[in-house]
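These notes open a run of structures that come right after.
Same chain, two partners: chain A is paired with chain B first, then with chain C.
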Partner chain A sequence: MRKLAEWQLALPLALAFASIFLAPLLMLVGVSFFNDDKISQPGFGQWAKFLGDPFSYKVIADTMLLGLKTVCATIVIGYPLALIYLDASPRLQKVLIFIIVMPLLLSVVVRTFAWIVVLGREGVVNTLLMQLGIISEPLRLLQTELGLVISLTQIEMPLMLLPLISVMSRLDPNLRDASSALGASRWRTLFKVIVPLSMPGLVAGCLLVFASSTTAFISQTVIGGVRLIYLPLLIWQQSLVVFNWPFAAVVSLTLLVSVLTVVSALSYLGRRSGGYVHG
Partner chain B sequence: MGRRRSLADLSYSLVIGTLAGLALLIIVAPVVIVLTTSFTEGRSLKFPPTGFSLQWYEALFDASKSRQIHRAVYNSLEVAAWSTGFGILFGSMASLGLARNRHRLARVADGLFMSPLVLPGLTFGLAALMYFTLIGFRPSINLIIAGHMIVTVPFIIRTTSASISQLDPALNDSSQSLGASWLYTMRRVTLPLIAPGIFAGAFLAFMASIDNVPVSLFLSTARTDMLPIRMWGMMESTLDPRIAAVSGVLITAAFLLMLIMEWTVGLTRRMRD
Partner chain C sequence: MQQAVKANAARTLDVEDLSVRYGTSTAVDGVTLAIEPGEVVALLGPSGCGKTTLLRVIAGFVRQATGRVRVDGATIDHLPPNQRNIGIVFQNYALFPHMTVAENVAYGLRARGLKGPEVEARVTRFLETVQLGGFKDRLPRQLSGGQQQRVALARALAIEPSILLLDEPFAALDRNLRLDMQIEIKRLQRTLGLTTILVTHDQDEAMSVADRIAVMNKGKVEQFGTPVAIYDEPQTLFVNGFIGTTNLMNGRIASLQNGSATVALEAGATIDLTAPAGLGIGAPVLMSVRPEQLTLSSVPGPDAWKIEPGLALPIGAQLVHEARATDGTFLKIIEPRRAVAADAARTYCTLAADARPMLFPRST
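Let's turn to the complex of A and B:
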């Protein structure tokens, strides 16, 4: 038998990707340049309709802001947890990583449902606050952006923590010891040594959390409700309720472009700050 | 000086400790609360639950009352099994072909195969729906399997490529210089060594398929209903309390699977690396 060139082993998957990944995406671009929902008259009509409507820009901005708020929240409470992990004994580390990874194996729908039970009118938060006498009327937490950001913070947390922990565990512990031996406080060591060196993990985490939370259709519709409109809801409405495929194609390409723009901006910033550390 | 430093260190421990504690609480509490609530005696899902009963689990396991849910579970398992199977076959072949290749085209192909991880899933889901419909396919479970294979194969490629890069190339060379054929070397040396990597990736791919929303949302129909989409339907309009029981089952399953994977292939170690 003749020896195969090794790269030829990748051909079946390459063919599959060409026919059921690249071809559909190209067709999506094609469909967006049709004026009518029967897909018969080519033109820029749908793009003009979407980009000419101020409402579209509000939805785009809201979607991107939702992603950024979620990223900030996961950093503020996720980063300290990664620091605790770093200082923990190997035994405790095993328990912590188990707790962190476990939600990842749990369906997003289950995690979303959990927040309905927590944030609902008769939910944990309202029950607790009313029993403590802090509030007399149940707070409205579902169908608000605040509730959605809190929920997404938990739902996306593993995506922030895994790359962070992966990078942090490879840090040379001597660097921290040296910093404190030279008289730096723990805060100074954190911001001058640990944060700059863990930047690649932090950036990777931000990218994953941002990309995931901006497109989290189930969480957005169930916890956000129909009053908070983000791009994924618009795509779903236009394609599966109104059946205006060209318009849905325009919206989903907008989602793709805006997510990829923010993601490349974040990774560019990450590379720049990485350069600052090394030289 | 010393005093100021210890004060700073105290504030550090306090702030970092509180925030990390909040993170742990936010990760764990909702899961525990859902599990507790699923055993409620009441008709609604309030917390703390009233009494203890298995009524929602009984309703969930009742073959006639929950036929749609059972069907969705069956469909989801079938799709996950087939798409992971194809993913193992194509994905590990692609990793073996590309992992050691430094050619530009190989890097491009690798980037393409990993791109479903960052691409908004809804964009691909909608694209797949339009594509399959416009070229004349009728909706079927095979199309869902194809779509799931595309979005889950990156997990298999990532862990498999990581295992391949840790292989000592000398093993390959010595096997071949001792006269073993390429195929024999693959079967007796390479595959057994990278099998744990493939297995870990396959597990993640399987779970990702079970959990997939964006592709199933567009490609599934009433006849090929998938579990996450059905669960979404159970929460969307009026809250169907059986969803608490479904969640309870899924939480238990995830917990057990996690333990098994930890013992067999050291899943968490692989995800950290």
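Let's turn to the complex of A and C:
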């Protein structure tokens, strides 16, 4: 009786998962196997249409590349930030963590529109560069991949920093002292001790940033416009503009599978190189 | 096996008038220590006394506000930790968890630019020195606490440091292993002739391993001397109370002549003792006497005071008596068990024949 009671505690959650996650997912799979947008004729037509079109592969590749570029940018900027956080005094750490978490407290829409102000033709970046005489004509940043990567880097940064900081601050501070006392320079300590040991946090951060930036429909459309086409935009067009639900389901499943593939590859690599957590 | 590691020339270590401040608090306050080549010195004191901070200054992790640290006469204050060539073993060993035992030991050698076979030869030699020759490819988490400590020791020794620092090295080990490791570290230190500083809060550990002990309190060194001197002739009340157990009895100096003083105890006895400097007739004093230097007797006398016997606990080969003097002072008296007569009438306490009580001024 007692044993039964224990697993029964998980039932509400299991039911919720089944009804609001698993069931729609299965419906999505089901819908994708219909040939027409009325969902009346079963068949593989939509899959054949999507997979037979070279344009589809370009969109998939662009979406994955966008994710990878964002991941790289968040690492390049986020890792040094995490190191600075680690060295900061407790009071400064509180200020830093507030700054890091703040983007999460704002709506994605607000953050994205803020970036329009920054990156626009008459925006902050262009005005500044022109006044400094570095450029003579405004740079085109909006509706380019560069602008999108820049804004996604800021928008997704908390997802990189939070796991990274949480793993790093659990590292034994004596390890850095030990490395230094053994004669290692700061760089050697960084690459031989801190980076390998912070790998679990880094991998977690990469997964979150990748999954979140490849599916960031609002930022992708608002900053990238309709000129840059990624999988989420395609899904939106097919489902809510053209009302071709079976095709939208095909694209959705493609996005799901591609993200899952990259995410599992990343986490496999991460586990192989850094499966030792302190303690 | 131990001869494989040659003794290098031992260095002197001088700490001169060293102070460390954190904000407004002073962690280390004007400490001066002159440590001889090849000597083992224990920094002993309660937590927060500044002993670990002092160790971290010597290692270079903490910068002092004033004062100097010299190795063989040359100041090392301007050097970052990675250029000081000082070996340190941390309380939690701080082994790199993602590296094998061999990689841990090789770490300092590779950082010094040594390569291939030379690194391998030294790693093998030092792992054999700490009797872990067969554990090269293990990860630290696959080792017991004692083995981890040996690896930490081999790692610190492999760089052939000029000074060895040990931060509470035995605190995480269980009792039996602790004694083994104490003996082993002492033996290694002798073979290598390394000047060694050991931080500990455990007086037994300090007594058994160290040649000299610096007892620290509130950032200051209260006394720096051999274990015997510290135990038998504590210079301050703090040292007196911190090392071993002791009985403190109130009294006054009744008379002084030719360097000897007669102390009238409030418990009702007069004791003749060596006169302490700077105390006049009538000065209030505390007499400190170790429990094993007191004895019970059934005979009253001028140097015996009446007591009310309490519990008697047999602890190993000893019998620990608890008693109360007439002025309310609780006393602890330790006697060898076989010397105790089954005599209930022993209601007087007196100094044993070899007693060396200490006198300290008492503030009233």
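Miscellaneous remarks
We adopt the following convention: the second predicted complex is superposed on the first by the 270 of 279 C-alpha atoms of A that agree within 3 Å, B and C clash if a C-alpha of one lies under 4 Å from a C-alpha of the other, contacts with A are read in each partner's own complex, and residues count from 1 in each chain.
By our rule, a residue touches a chain if its C-beta (ideal position, glycine included) is under 8 Å from a C-beta of that chain, and two chains touch if they have at least 3 such contacts.
Since the structure is predicted, the reported quantities are computational estimates derived from the model, not experimental observations.
In the superposed three-chain model, the partner touching more residues of chain A is B, compared with the other of chain B and chain C.
Within the superposed three-chain model, A:D172 lies in touch with chain C and out of touch with chain B [touch as defined at top]. In the superposition on chain A, no contact is made by A:S267 with either chain B or chain C.
Touch criterion not met for A:N244: it reaches neither chain B nor chain C. In the superposition on chain A, contact is made by A:S185 with both chain B and chain C. Touching of chain A by both chain B and chain C, each in its own complex, is seen for residues 183, 185. Of all the residues in chain C, the ones that touch chain A in their complex are 59-61, 80-88, 90, 92, 94, 96-98, 107-108, 111-112, 139, 141, 155-156, 159. For chain A in complex with chain B, the residues that touch the partner chain are 1, 3-4, 6-14, 16-17, 20-25, 27-28, 31, 39, 76-81, 83-84, 94, 97-103, 105-118, 120, 122-124, 127, 150, 153-154, 157, 162, 165-166, 169, 183, 185-187, 190, 207, 211, 214-215, 217-218, 221-222, 232, 235-236, 239-240, 245, 248-249, 252-253, 255-256, 259-260, 263.
By the touch rule above, chain B contacts chain A in their complex via residues 5, 8-9, 11-13, 15-17, 19-20, 22-24, 26-31, 33-34, 37, 44-48, 89-91, 93-94, 96-98, 100-101, 103, 106, 109, 112-113, 116, 118-124, 126-132, 134, 146-147, 149-150, 153, 181-183, 207, 210-211, 213-214, 217-218, 227-228, 231-232, 235-236, 239, 243-244, 246-247, 250-251, 254-255, 257-258, 262, 267-268, 271-273.
Against chain C, the residues of chain A that register as touching in their complex are 172, 174-175, 177-185, 188, 192-193, 196-197, 274, 276, 278.
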